[in-house]
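Please read the structure below before turning to the comments.
Letters are used for the chains, namely A, B, C, D, E and F, taken in the order the chains are written, and counting of residues starts over at 1 for each.
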Amino acid sequence: MSLYWVPLLTFIGSLVPLIAGRLGRSGCAALTALFPAIALALIASHIATVFDGQTVRFAAEWVPKIGLDISFRLDGLALLFALLILGIGLLVILYARYYLSEKDAMGRFYSFLMLFMTAMLGIVLSNNLLQMWFFWELTSLSSFLLISYWHHRSDARKGARMALTITGAGGLALLAGIVLIGQLVGSYDLDIVLASGDLIRGSEHYLTILVLVLLGAFTKSAQFPFHFWLPHAMAAPTPVSAYLHSATMVKAGIFLMARLYPVLAGTEAWFLIVSITGLLTLLIGAYMALFKHDLKGLLAYSTVSHLGLITLLLGMGTQLAAVAAVFHIINHATFKASLFMAAGIIDHESGSRDMRQLNGLWKYMPQTATLAIIASAAMAGVPLLNGFLSKEMFFAETLEQSTLGSISWMVPVFATIGAAFSVAYSLRFIHDVFFNGEPRDLPKVPHEPPRYMRVPVEILVGLCLIVGILPQLTIGELLASASTAVLGGNLPYYKLYIWHGFNLPLMMSIAAMAGGAVLYINRHRLFRFQANFPERNESQMFDDGIKKIRDGIRVFMGWFDNGATQRSVFWLLFLAVAVSIPPLMSLNSTAGFRPQIPVDSVMIAGATLLCVASIATVIWHHQRLLSLLLLSIVGLIVSISFALFSAPDLALTQLSVEVVTIVLLLLALYFLPQRIRNYSSPNRIVRDASLSVLIGGMVGTLTYALMTRPFESISWFYEANAKTLGGGTNIVNVILVDFRGFDTFGEITVLAIAALGIFKLIARMRLYQPHTDPDGIPWAPDKHPIMFQIISQALLPLALMVSFYIFLRGHNLPGGGFIAGLITSIAIIQQYIARGYDFLRDRINVNYLSLIGSGLLIAFVTGVGSFLWQQPFLKSWHDYIDFPLIGEVELASAMAFDLGVYLTVVGASMLILANLGGLTTTDRLREEEE
Amino acid sequence: MLETTILIVSALIGLSLLLNLWRFMKGPHMLDRIIALDTMYINAIALIVLLGIFMGSPLYYEGALFIAMLGFVSTSAVCKFILRGDIIE
Amino acid sequence: MTHLPILPILLPSLVGILLILPPFANHLRMQRWFTLGALGVLVIIAIELLMTTDQSPLIYILGGWHPPFGIMLLADRLSALLVLLTAVLAFCAALYGAAYEETTGRFFYPLFLFQIMGINGAFLTGDAFNLFVFFEILLIASYALLIHGGGKEKTKASFHYITLNLIGSAFFLIALGTLYGTLGTLNMADMSNRVTTLMPSGQIIAKAGGMLLLVVFGLKSAMLPLQFWLPKTYAAASAPVAALFAIMTKVGLYSIYRVFGGIFGETAGSLAFMAHGWIWPLAIATLVFGMLGALAAPSLRLLTSNMVIISVGTLLLTFVVNQGNALGAGLYYLIHSTLVTGALFLLADQIRVQRGNAQDRFVVSRPMAQGKPLGILYMIAAIAVVGLPPLSGFIGKLLVLQGAVEPQEQTWLWGTVLVSSLLALIAFSRAGTALFWHLSGSKPGSETAHPLQWTAIVLLLSASPLLTIFAGPVTEFTDRAADDVVNSHEFVLQIIDQQEALHSDGH
Amino acid sequence: MDIKHSLWPSPFNFALLLVVWILLTNSFSVGNLLLAVVLAWFIPFLVSRIQSDTSRVKKPGKAVRYVMVLLYDIIVSNIVVARQILGSAHKLQPGFIEIPLDLREPLPITLLASTISLTPGTVSTEVSKDRQCLFVHALNVPDEAALIAQIKSRYEAPLKEIFGC
Amino acid sequence: MELIFALCVGVLTSCGIYLCLRGTTFSVVLGLTLLSYSVNLFLFASGRLALNAAPILKHSEQITDPLPQALVLTAIVIGFAMTAFAVILAMRARADLGNDHVDGTPPSLEQTLRQKDKRS
Amino acid sequence: MDIAQLATVVFLLIGGVFLLIGSFGLFKLPDFYMRLHAPTKASTLGIGSILVASIIFYSFKGDGLSIKEFLITLFIFLTAPITAHMLSKAALHVRCEPRADTLNIDKLEKIRNRES
């Protein structure tokens, strides 16, 4: 079976527990374990090949455009990690079977755990950097789910979020680093990247790449100053801590450094950044661990410290240091996982993790205690245990390095101090929990755990012992193979012996042991010293910090956008000015050479009227009716200008639209507040006025610049073909119903939609109805003056006739369906005004909605009709037919289309106005409040 | 001759329009403004008819007709508004 | 002759018209099934269109009036892609809406269909003024849809939205007038041709007018500083409407692509890339504001709205970086972000309904009746929208990041895109924990989602894994589609030339 | 209103619309005349439900004469008013006058009021609720009674005859 | 004449824009109406001004560019639909929210006072 | 110069002058009720003359009789009185004060309430 089966199997394994709940807890666990077991076997089948120095590969194309392939490789390093992940994973599955209570959703737990396992395997097996990143982020995600497994707990939620945020941020930095590498190397393929070490180290982007990649690694592996998420991740169930936060996920960062070691290491920058970070982390973690009363807290900081140690080793840049790092990865995984599991057992069986409560458990759970003591000893670096071996190698390497020049001696000194603290907290773990008198106020009486819950611990502790005693025999080959991979093929000479003789590293070990003992004995003094510093809850601080940032953002955003329409409008206008005025400024001369029209007195009078009226509208806009009248003047002058400058159709349309608008606004005025308040400050008025003048100036300049320059347009076509091909002499109308009939189809759709929308708005509108006019005069009692009624009714047939006339001639002379429709509507509205809604409701049995619909439908059908002749939408047809008596009559499909326009216009405007008028006849009105 | 006359008459109408505008601005009552506007409509009709004669084109006729019809509708609607507030009731 | 290019406009139009006529007008159930049927057919048409245009662009000459004189539809890969996206989104949104008892207002379905007609029209038209008309159709329909359901919030948001858009439309017309007054044509391909032959002063005027289009389209696409309407509006809209609105910003973007990539693109001589200098900083700023807004958002709908803004910023960036060569990447991201934010709007609505008084605000609330499935869907959507593996967002993000090649572009684009991802991650993890896990002791409410609603959400979300799995072929397609911004105009110009040759032969 | 009535609108309306159509189209072709007839019949039919019952012209001949008189009066009195406007406003004696009505039907009253308004110097301002009298504002009223008498004899009496009431 | 025309368009635009920036719905509606007048005039002017050149065949010897006129017609109709919607929405806002401020919430007296304090 | 053109010129001038007088009246007259006379009188004659001029002009232009301006006249003559009526009604309603020396000023309230 190919390599891709490894993550695939575990992925399937993540789905299985969701449906295996019925099999019972043991069944579920067993079935889940089956998949990593097979995967482990699969990996095992490749061991010989890998030990042989070969790399197993699998590759398939996925997204070639971005260089993302499905690509796996199994070399020594990957093998080591895969074994750890699958092996410890299996133990954790077994352990969790007993750890989780009946209430906990086991299926969900296993599913997330397996998902995490998949992601972790994906990282270590990836042969493509992007694919590796893919799995990298998946580990963040699945760890989020695992930490927040008990999501009813606030600390779980906060811890999970913080972990996700920190590792997520690192992941994004890593991504940037990876993409830079990819762009530099031209491939994301790990084989190629690993072969391009010199290219990368020599690149000007090397430092950027290094920092970005290390950000990813450091956040994931909880290096200072990103270490603080890890202790808060302890809110997770203990199997998760054992698995993710000791053995695997936190090692992903280490793995990354090891993986890219051939490419990135070996420079001064690498040494400085990595080793100093590692050293700081080592010291801070070790120091902090001592003060944690929570068992898991102690272990968490201890983990931080050991991760620092490994980082430091990788940072040193020597080959032997790298080997030591790999060795310590293995050792730490075994003893720390077993310690977490032991802590979990203690918690599980005693109900507490607080070392101030937990005392003298030796009596209650001697077997567990033995295991935990051995594991702690391994952590402390006691000889005959695996921790001792890697620590010795570490000490030896600290003595070797000299890059820091005259202060190089500090490294072994700090290493020894760190080790001393390590001994101290290990002692504390052993003594405070298993000895030191009797337990205090424990929720339950402690006892040994179920038999099989201890098995994983026993296996791991056994490994600590065996490796510690027979290192070369047990893991010699694995270590060599993994180290070869890290070092890019060059394995240094080293020997895995228990006894190297009396040398400096051994002295350091002894010093650390002694120092640790002294530290532990004098711990109370240290505790008192540490008590001077307030206990910080990083998770809470982090949360508060984000809230504070959020509040700051709200204030900042409020400056740009206070939610006010005026503010938004301001920005819109501002941008319009900003983008359009600079080009206009570069215009040499506003006026072009096109001959201009001479001015006469009427034009001046009209322009005066227009400008005075529009400025007066602005000045008097608080006087509602007055501004409406001013608007009428503007509309009138605009219509006359259209007429004057050869646009009769426009003049007619503008006039009729004008009237409907006035009627509409009058209706609105009745229901809007009678007095308009002034909401504007003087500053605002100045600002708005300047902006308005700028925009007006821009538009005016544009108008002038355009009008005074000649241009060539496509319009000759319409002039040439309106009559011959379009069948009409009114070119504008032919454009509307034929050349650009599609626009008109859209336009009547707009009108119809507006009517529908307005209908919706009017429905259930509860309006205020004023009793008096703004001056306090009650309304006149005479609703429908008789003379007004009589004349209005007499005008109706005349207006309808005019409307029909306008409709009919539209194709050849100014007019057409739209104007005719408006005239009809106005004529009917006039009846509404003169005679009242009730009078007409009983007499007009037209469903305006259906009128709109049929208008649109007619236009639509006219357009689609051409499909029958294999012609495109709206292909027109016209012909002259000779009727007896009447003579030659032109028939055109455009007329049917225009009829559709007509009906839509009538329907839409009547639907709006009649419904609006009808509002007051129903009983939905409210009293005016002012 | 005709052209000169048209120029003179259009100046007369322009003057009329400005007088109307004066009354509109002066008021004093809203109704004065409405009369001023209504008179503007009438002057506008005359102006458009005059334009038609000047251009020798009958295309302007409907414009004049429209102003006549629509001026009435809007003026009466505004009066109704002053009288009753609700113009369609 | 094929009518394929116009069917995405005519079909919703016809059904919309029929639905306001008897016997459908007062028959809600019939309206519902007709609409769903029509949208289903629309999806099929769009797929057919996509496959056809992948061979060669299609032009549809309305009324038989040849370009540049008549109006012409231009269906190429780009427009077909967006039409398909619209159809899918609309279908799911309507499916979701179909489960509601429509007691809150009339004409929902016809308006919905008209809205789609407008959107499709905007995507398909090859004529600048016709684009304006379709913009207005989709806007007026959106105004009417926005108030659907009633309520003070909707009324408030509407006036804001409408005022802005009406001023925007005014600028649109001014811009069109200026361009027509200098170029003398309205066919966009023809415009792209004539822009090269302008006199210097004509160029200046055309530039001033053309730049106004950036304001217009920027407003529609929610580019900073014109994005303030969006969170308010989307949060106030009812769920299916908000989901459909997810495509509306893309209409603005699409128009930016067509105008500033097509007309004023690389072929425009001295006006080439004239808007890029503005778009670049504004896009960055849009992203920054989107991510700040996301972090500050107090409710899921506002958060999602800000994700829309982030995606707008990102898409604008892909349009301008690397001289337009990153657009293909942007289009992939566009597909992903549209569908996922659409799904999020639907999801947010269901969460809002099930959480009672707390609505979708990030405060303690009673548990949801269907908290578990909603939580899973939320997580999927969040992973997708934040851009984490294994869903499509991460591929989109990779594409976008790789789109930047110049060091300066890289610094800004990577910085903002990555930080925005991080902030989105923070925001969505906080939102998720608050919505699903921070519960009061009270009993869950009785509201549950209708199977149709589940279907709608799942359908939309399933796009994300599909986009991931088939990322290879999809990215290849979007690359081809991006090239169409320039290529299709050349295609049209060839046809115009052929026409002219034909005419000169005939006379 | 019965069907028969609405199918046969008043001949006055018919004639009016016929003339209006011809005025609009300015064409006397057979086709156009045919169309005019159809429209002049159809439009009143279309709006018949909206038209409330109105008085009908009984004596068309008198009506034509009335219009002629009116036109003449308009021209003459316009000149008078023009002089008044151009002269000093202080010399004018404006006033409200009350004209008792013999007419009762809405249409004739409306026509009378319109006539008064059209003839310069007078504007009908109100009709009393009981339609007993018409209130008129006059620009210059040297003699109130004379004005009332003139209006009643010159306008109201012919209108009464025309509508036969 | 072109200069006067451009001036009028500019004045109309300025006035419309200024009113659009006011705080009451009715003022905004007024502004939008003025703005649409100015935009229509502008669009119309993009075909250049001409006297006695109506684009009606057989009636004018020389005709002006008919295309902008057709565009303006469409724009007028659409503008009308939009204005109508905005007007009714203003009414609706008044009915729903009880006031005529564009945001539905007039700035409270307190806020106004605070602003005054700041200024003084 | 033919008679038709002369007639056109004369009617145009008459119309122009009367329109100006009407507007001047509106400008000059002292109270609302008096100003109301201006547009309904002088202007109707003015517009009438201009329309007559137009009829003459087109009828003698060579395209046959053109009398459609009558329709505009008809409209104006039908509607102007109603406009005046509505305006004065409104003036009474809002209690526009007439000039103090107006005859029967004491009847104003009676007219306002439409009591005979």
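Some notes on this structure:
In this text, contacts are C-beta pairs under 8 Å (C-beta built on N, C-alpha and C of every residue); 3 or more make two chains touch, one makes a residue touch a chain.
From a predicted model like this one, the values you see are computed outputs, not experimental measurements.
Note on connectivity: the fewest chain-to-chain touch steps from chain C to chain D number 2. Shared contact partners of chain A and chain C, listed by label: E. Contacts with chain A and chain D are shared by F. Summarising the inter-chain layout, the chain whose CA centre lies farthest from the centre of chain B is A. The greatest centre-to-centre gap from chain F, using C-alpha centroids, is found for A.
For the interfaces C-E and A-B, the C-beta contact count is higher for A-B. Closest chain to the protein centre (all Cα atoms averaged), using per-chain Cα means: C.
Each chain gets a centre from the mean of its Cα atoms; for chain B and chain E, those two points are 22 Å apart.
Look at where the CA atoms of chain A average out and do the same for chain E: the two points lie 39 Å apart. As a whole-number value, the distance joining the C-alpha centres of chain D and chain F reads 15 Å.
Per-chain Cα centroids separate chain A from chain F by 70 Å.
For chain A, residues touching at least two other chains, in rising order: 563, 565, 569, 573, 604, 628, 644, 648, 669, 699, 702, 706-707, 711, 713-715, 718, 739-740, 743, 746-747, 750, 753-754, 757, 761, 773, 780, 782, 787-788, 791, 795, 798, 802, 813-814, 916.
Counting partner chains per residue, chain B has residues 13, 15, 17, 30, 34, 56, 58-59, 65, 69, 72, 76, 80, 82-83 touching two or more of them. Those residues of chain E in touch with two or more other chains are numbered 16-17, 20, 25, 28, 40, 42, 45-48, 51-52, 54, 56, 59-60, 67, 71, 74, 78, 81-83, 85, 89-90, 92, 102-103.
Chain pairs that touch one another, listed by label: A-B, A-C, A-D, A-E, A-F, B-E, B-F, C-E, D-F. Across the complex, chain D meets chain F through its residues 20, 23-24, 26, 74-75, 77-78, 81-82, 85-86, 89, 92-98, 100, 113-118, 120-121, 123-130, 132-133, 135, 137, 139, 141, 144.
Considering their complex, residues 7, 10-11, 13-15, 17-18, 21, 24-25, 30, 33-34, 37, 40-41, 44, 47-48, 51, 59-60, 62-63, 65-67, 69-70, 72-74, 76-78, 80-89 of chain B touch chain A. Against chain D, the residues of chain A that register as touching in their complex are 786-787, 789-791, 793, 796-798, 800-802, 804-805, 831, 835, 840, 843-844, 883, 885-887, 889.
Of all residues in chain D, only 13, 16-17, 20-21, 24-25, 29-31, 34, 39, 43-44, 46-47, 49-52, 54, 106-107, 109-110, 113-114, 124, 127, 131 touch chain A in the complex they form. Listed in rising order, the residues of chain A touching chain B in the complex are 600-602, 604-606, 608-609, 612-613, 616, 625-626, 628-629, 632-633, 636, 639-640, 643-644, 648, 651-652, 655-656, 658-659, 662-663, 666-667, 669-670, 769-770, 773, 779-780, 782-783, 788, 795, 799, 802, 806, 813-815, 823, 826, 829-830, 832-834, 836-837, 913-914, 916-918, 920-921.
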